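Look at the two complexes coming up: chain A is in both, with chain B in one and chain C in the other.
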Partner chain A sequence: MKMNPTLPAVDQGKRTETRDAVALLGAFCLFLSTIEYLIPKPLPFMRMGIANLPLMLALDLFPAGPFFLLAAIKTVGQGLVTGSLFSYVFLFSLAGTFSSALLMFALRRGLGPGRIGFVGVGTIGALGSNVVQVLLARIFIFGESAKYVAPPFLAAGVVTGIALGVFCEAFTLRSVWYKTRLAEHSSAMGNEAS
Partner chain B sequence: MVVVATVVAVVAVRATIAVAATIAPVRMVKILPPDAAGAVAIDGKGSAMTALRPFDIPLVLLAVAITLVSTLLVYGNSAGTARVVVEAGNREWVYSLENDETVSVTGPLGTSTIAIHNGKVHFEESPCANQVCVASGTIERPGQWIACLPNAVFVRIEGIPDEDEPDATSR
Partner chain C sequence: MKHVSGASGCPMIFASYSQERRSNGFIQHFPSETLFISGLISMPAFLFNPSIASRCAQFALFILFNWLAGRKLNLIPLLIASAGIIGFNLIVPYGRVLFTLWGWRITEGALWAGLERAVTVEGLILLSRVSIRSDLRLPGSLGALIGESFRYFECIMDRKGGIERKDPIGGIDRLMLELWEARAGEGKEFQAGAQPRRIHSALAYAVLILTLGMIWAACLLPLLFL
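Moving on to the complex of A and B:
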């Protein structure tokens, strides 16, 4: 997956650039949701979570507002793609995505990119999403027997979290687009601070 | 069994982390441009460890620990507790071996009555001619079974007892 490095360098202000980046990453969320939907799953809620990749990439690029907007776009987009927008599955997806987005954002911002990499962020994000969904399943669907779903569910989260994290590390080091965005964002943050 | 599962899981996780720690940085070392370090804030450490930061391994281990604990809680418990499975026709009923109960199931000949009492199971009565099932007496350990073939009722005890605790099933 190569990003286009020749993005317009025109100085349109940070807001426009952030908006464009949110739109681009949101579009990727939809695309990856579609890919994800094509892959057969052993259990209905067991996803690889590749639709969370743009969310992880966005961790260092946006302030909280646009970041959670992207999370919302991802959730709604995934609901549209999988046709679960108006079913209870959507609530699971919503709760899972936002709990993992919150955890990832808090960890990455709280500890800083120097102390926590995408592997740690991705693993904890997947774990948070899965724990929340198992709890919801316990309350709303399976009751007591939801616990039998938990171990394979959590184990899958660890594996996919690490895999996504490794991918993100590789991607962020390769992508010119990402580095350009990152430089813009950190300079914007620096301007606000001074 | 639990020990084996734990060892296997730990080895698997170590391997995964090792793979993550080797593959990713090796690939990145070549690609990392000299000026990228500042932008990505790698703390000036060598690029060989850029993939894993200090908090990554503890957090991954935490996630693995939570997974393992949930596995032990879920499957460890159910393995220690034996269950009585009653089959009649195509249907199955599951009872706890620890709760006293009298179970009536209907087969082709009529109703068979199975009693679960003090962690033991026996056929109380059955509408069959030979009464082999009633004569079979009691079962109390996982893997044991009794059946009334004429009435097509099959009773077995499921679950692996903890070898260290002989009283696990008769509590």
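Moving on to the complex of A and C:
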């Protein structure tokens, strides 16, 4: 990583740590994408969304820039790992990931962790992603018939969103890595505020 | 049959020996950048092909190249997904009624539209799978960060056995802690896997150029004669 001579050493270290954490969570997105890729699905773009788990973990760890960078790594990396970069699947993934990332980030930051938990964030994120994907499916694949795909697709989104939220909640309660990063992030935020 | 981690970085579960050999041969002969550019050149020829028959011929070429590249071809998911796309398109009938199936009118227009969309969606996936490899290095800072993620990813794939079904949270957390500690050392274990030796073969490039010519001819000929 290139060092910025205008930043003090502490800030450089913090930036490197954030960058490493983004890369590590990005790798977990790729790992979960490969698991998801092996699960048979009725439509090529229909995914359970388990690769969104690191994005949910990142909600309280990063500011907006690194968070959306992680979303970009997830989308492009997923396109490389599953080889879907040249297909509609990539377009669906890009639109779905960024719409859900935007919704989740806005809700978590807007309402705060005390008012909305990972189950709420996960469900709304999955719904947002699926709504956008159904709209794209209407344009590119199904035409008018998309309205028949929408109900089961959205219902599946609610179920997987809740399941991911529950898993994420359990992970954040138990994970030593997550707790350490969260404590570092909180102290960094505290230092900036003071 | 055995379990291998493909040199392309993609896990090839239960890949046969010949599949592994084809995959390694393909990687040796075609750099990921060349394949990426070839994919980019092929995409418009497939996407804007006006003839469904000609698009099916391109589709067959993509299947052949996936096989040559040692990519695992699962025909059942491909057929299920295609049937799903065609089925959903048949829900809204238009055009001449071909026949009735349990009271469901199968119309010509809807059937062709479904078939065309299924071939397009699945064809693009096949093209993408053969022309995108995980060893492709993208330019810029995002590309560098994706490269770092891939280094971590390779370590995760090597150590994923540590994630037990009984305790996935504990397993993932341990793995994250291990990788977090290892990143500071940048030791040998953190290096990306060795890539197969590259072979610069004029014949391989000739085959690639011929294939690109065939893909574009399949698009341009119907435009000239239809």
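One rule holds for everything that comes next: the second predicted complex is superposed on the first by the 182 of 194 C-alpha atoms of A that agree within 3 Å, B and C clash if a C-alpha of one lies under 4 Å from a C-alpha of the other, contacts with A are read in each partner's own complex, and residues count from 1 in each chain.
Here is the rule we go by: a residue touches a chain if its C-beta (ideal position, glycine included) is under 8 Å from a C-beta of that chain, and two chains touch if they have at least 3 such contacts.
Only a predicted model underlies this, so the values are computations on that prediction, with no experimental measurement involved.
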item	value
First, second, both or neither for A:Ala72, with chain B first and chain C second	second
Touching partner for A:Leu80 - first (chain B), second (chain C), both, neither	second
Which of chain B and chain C A:Tyr148 touches, first, second, both or neither	both
Touching partner for A:Val119 - first (chain B), second (chain C), both, neither	first
Greater residue coverage of chain A in the superposed arrangement, chain B or chain C	C
Which of chain B and chain C A:Asp20 touches, first, second, both or neither	second
Chain B versus chain C as contact partner of A:Ala170, first or second or both or neither	both
Residues of chain A that lie at the interface with chain B and also at the interface with chain C	148, 170, 174
Chain A-touching residues of chain C, taken from the complex the two chains share	9-11, 13, 39-40, 43, 71, 76-77, 80-81, 84-85, 88-92, 113, 117, 120-122, 124-125, 127-134, 136, 138, 142, 145-146, 148-153, 155-157, 160, 169-170, 172-173, 176-177, 179-180, 183
Chain A residues touching chain B - in the complex, by the definition given at the top	107, 111-117, 119-120, 123-124, 126-127, 131, 147-148, 150-151, 154-155, 157-159, 161-162, 165-166, 169-170, 172-174, 179, 182-183, 186
Contact footprint of chain A on chain B as seen in their complex	13, 16-17, 20, 23-24, 27-28, 31-32, 36, 39-43, 50-60, 62-64, 66-67, 70-71, 73-75
For the chain A and chain C complex, residues of the former touching the latter	19-20, 22-24, 26-31, 34, 38, 40-44, 69, 72-73, 76-77, 79-90, 140-146, 148-149, 167, 170-171, 174-178
